[in-house]
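Following: one structure in structure tokens, then a few remarks.
The first chain written gets the first letter, and so on, giving A, B and C; residue counts start at 1 in each chain.
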Amino acid sequence: MLPKTSRESLLELCRRMFVIRHFEESLVPLHDKGVFGGHYHLYIGQEATGVPAISCLRADDYLFTTHRNHGHLLARGADPKKLFAEILGRADGLNKGKGGSFHSVAPSLGFLHSSGVVAGIIPLSTGTAYAAKAQKNGRITVCLFGDGSLEEGAAPEAFNLASLYKLPVLFLCENNGKYGAGRAAAAAQSSTMAAYPLTDLPRAYKIPAQQIDGMDAGLVHATISDAVEKIRGGKGPQFIEAQTVRYPGSETNWPTVPQPTDTSLAWDVGSVPEKAREWYRSCDPVLIFIRELVEAKQATKEEVAGIERQVKIDIAAAVEFAVNSPYPKPQEAERDFFAQS
Amino acid sequence: MISRNDKTSELLDVFRRMWLIRAFEEKASLLYAERQIAGLLHLSIGQEAVAVGACSLLRKNDYVFGGHRSHGHAIACGADINKLMAELAGRTTGYCGGKGGSMHIVAKETGFITATGVVGGTIPLALGAAFAAKERKNGQLAVVFFGDGAGQAGAFHESLNIASLWKLPAIFVCENNGYAEFTPLSAHTKVERLAQHAETYGIVASTVDGNDLLAVRAVMTGAVKKCRNDKGPVFIECLTHRLRGHYEGDPAKYRELAQLLEWKKQDPIVRVERVLRKKKLATSRDLEAIEAEARTLVEKAAEFALTSPLPAAEEIVRDVMA
Amino acid sequence: MRELAYYEAKFEALDEIMASDQRVHLINGTFLSLSPHRHVFQNLKQKYGERMVAPPISELGFCGLATGAAMAGLRPIVDLSTGSFIYEAWPQVANEAANAFSMSGGQTRVPVVFHLFHGLRGGGAAQHSGSPQGMLWNCPGLEIAIPSSPRDVKGLLKSAVASDNPTIFVDHTRLLDIRGEVPENDKPIPFGVADVKRAGRDVTVIATSYTVQVALRAAATLAQEGIEAEVIDPRTLVPFDLATILQSVEKTHRVVIADETHQSCGVAAEVAARIAESGFDKLKAPIRRVSTLDVPVPYSPPLEAHIGPSEERISDAVRATLA
């Protein structure tokens, strides 16, 4: 279903989903050509979780994200030019080339630190929440992490603290393995996590927890809005598990793009390679969202295609910007690792 | 109550061991006050029923892991109290040649593999021993004792997950004495029963009165049977109370006197005595003799310890590598 | 003599170890990293799958598991993959495994191997490029092996598993594809025996891990300028073979130490201190260190290249000692 919000907001959500999608689809060939090195992870397939969820936040809220952070940053409105430049290790990057894909940050948007360590951010997220509570500034913290993080002891340690101190933090677990690699279908337990359902883990700490379909933008929007309101109202932490089906391009160690996205795919997936077709037909959250937009007569197909066209132009410009951005001067490596008082 | 499985002689033996721990630790407390024992000394007075109840059902080749409050576990396993007291006093005749001290006891010949100074530090280690035991398919198992404070450590949760996933023959014995170091459990977690965590990971769990020797033995009997039949792991939460501070010298101002007095009524030794008397399994005289015997043995252990030599300086370079 | 790629030699070692000692278990399995050769590892799985496990992402838990299993008589090799991940397991590695034997008065043996890939690997950024061996060298009780060639990785891995001590096996993904001689039925390489990788008269270059390969390239360049560098690889940090190094210094009177740990309290710092303490009278110039600069590893390629012990930095340091 569609989020219950204005038409303008819906079109903006649509635009941001396209930004994420085309940003990352452009990233894959750059890596394949060796324009940047290191491992990286795609957010594709989770857009209907991140975009509506992050739209529910206040401008001064804190967010923590992981190695799979591009989508979160873009959903929050980070400049694609600077994010591209960062991933390419350039001087104009969000972190001046010192973070890369794993550690891209945008403090002005509330992203203070992105960690490449699984569950590394979960304890940190309780820290900003603790500070906000102490400062009574009404800010909340959203901690975005994957289901694998729950296997780390850091997760229960942090849940315990959040519950104990009634911290204003939303643990948003994006389970992108609903039917994906290494996981049997939802009814079976995973080979690496004995607790099932995953919501039992936070519930043990008396943290209200629910499981939702992360491909349903309207449900995500409604659930997160409600949770955010409760948290801001001083009711302590909440846990939401948003389930998505893993993007077929993320099933290999190095990401691939089985099929470049285009609005037309929402109504005809005939051009998609057969192996990936089912995902695009029924699990692609962006295509689901634009179908719903058109069916609800919030936008015409042409309007949606127009939004997408402009996003593609913007992303192409962002790539151009990043590729032409200079590398930092070597001496930069020796600077900025101690804060100056 | 006394179950049919608890033969009189066995029960008296088990009771003797409880007194041995009590007498040992009371003596250790005195020696600590006299500065014969260095560092920190954590006593388990008031918790003897857990250590003895659990260890009395093990085989010599089972693996037992303790924590920082583990004199009782080692003695319950059958450790030589002479060597134990000597270790506390840092003497060459101690279990670890004086290199371990109170928090790092090892009594391998009894199955007591190691203690640790790190809260929760041995929980994953017990997992490893259980893993090795499972490989051997000979019914061996591993038991780990830890306090409620360890329940908030990541390693605890990771260990429960792995033990459950791999069905390891491990018995997690949580001695919930209500206080993690100096603060009540409620200040550490909103979880009232640590057994709940085990249930989250799909592990069979129960909570028992840890001051009731017979109750501990009953639940432990079932746990041991499960693990020997490759149906582990099992989690046992024993509700108990330490009658001393976190360490010797801790004024324990965080605890109400009334609460302490209430728990003193629940003294596990007194409770067993009551049962033994009521069932006419022992007379007051028998009971006094058991206590006296324990105190005599402990006095001898103290004498052994204090007349043993302290290690020479050259020892520091020895035994750093195998 | 037979020539193998590094990854083949490493795989062969694991295969022979698994075949000859039933106590060996592999806890986690990225021994060939994410390299294109990782599929080779599947062969091991087919043969010894029952002694291999893929634990959850719980370093603290599974390093403790491996340590406890070692106390109970197994010989686990636990793979932490990225070297920095050992920090997640620090309580178990540094405070339990390292201390157990000494703290128990010599009773508890912990024959566990912690395998990890350290160092600059290209785009790893600050959290995936750690070289924790300097910190680990500061934990008495741990042995540290650090191979640089196909022959060494095979021989040292065998000795690591045979050791009764907890051993850190420090590998480097950039070594996986190099080739070199590996005799068939080669003997395990004993710990504490350095190897002179290239003989020379003018300067002693001590290097470890992948930096040995970098130093050899630098030596080849310097040779064209008439400078003959002797390149020595200690192969194990604990135990450390100082004698071989001092013999070389006796001849060259000049020392450059090249290594990927950070400079402060890093491997080069410790090696320099030992040479200064025991061979000061043999030196005609100050010892030079070429370490990773003391900054969190930046992501951007030129920044990353700038901070590491590059061929240029090594060559410059050599020239400086001779100036």
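In the analysis below, contacts are C-beta pairs under 8 Å (C-beta built on N, C-alpha and C of every residue); 3 or more make two chains touch, one makes a residue touch a chain.
Owing to the predicted nature of the structure, the values given are computational and were not obtained by experimental measurement.
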Most remote chain, CA-based centroid, reference being subunit B: A
Pair of chains ranked first by number of touching C-beta pairs: B-C
Identity of the most central chain, Cα criterion: C
Distance between chain centroids, defined by C-alpha means - subunit B, subunit C (Å): 41
Centroid distance [mean C-alpha coordinates] between subunit B and subunit A, Å: 47
Centre-of-Cα separation between subunit C and subunit A, whole angstrom: 37
For subunit A, residues that touch 2 or more chains besides their own: 151-153, 191-193
Multi-partner residues of subunit B (each touching 2 or more other chains): 154-155, 158, 161, 165
Residues within subunit C bordering two or more other chains: 55-56, 58, 60-61
Interfacial residue positions of subunit A with respect to subunit B in the complex: 151-157, 160, 163-164, 191-196, 200-201, 203-206
Subunit A partner contacts - residues on subunit C that touch it in the complex: 34, 54-58, 60-61, 84-85, 88, 122-128, 293, 295-296, 298-307
Subunit C-touching residues of subunit A, taken from the complex the two chains share: 36-39, 89-90, 93, 95, 97-100, 102-103, 115-120, 148-149, 151-153, 191-193, 253, 327-328, 330-334, 337
Residues of subunit B defined as touching subunit C within the complex: 63, 65, 94-100, 104, 106, 108, 113-114, 116, 118, 121-129, 131-133, 135, 142, 154-155, 158-159, 161-162, 165-166, 318-322
Subunit A-touching residues of subunit B, taken from the complex the two chains share: 152-158, 160-161, 164-165, 187-191, 196-197, 200-203
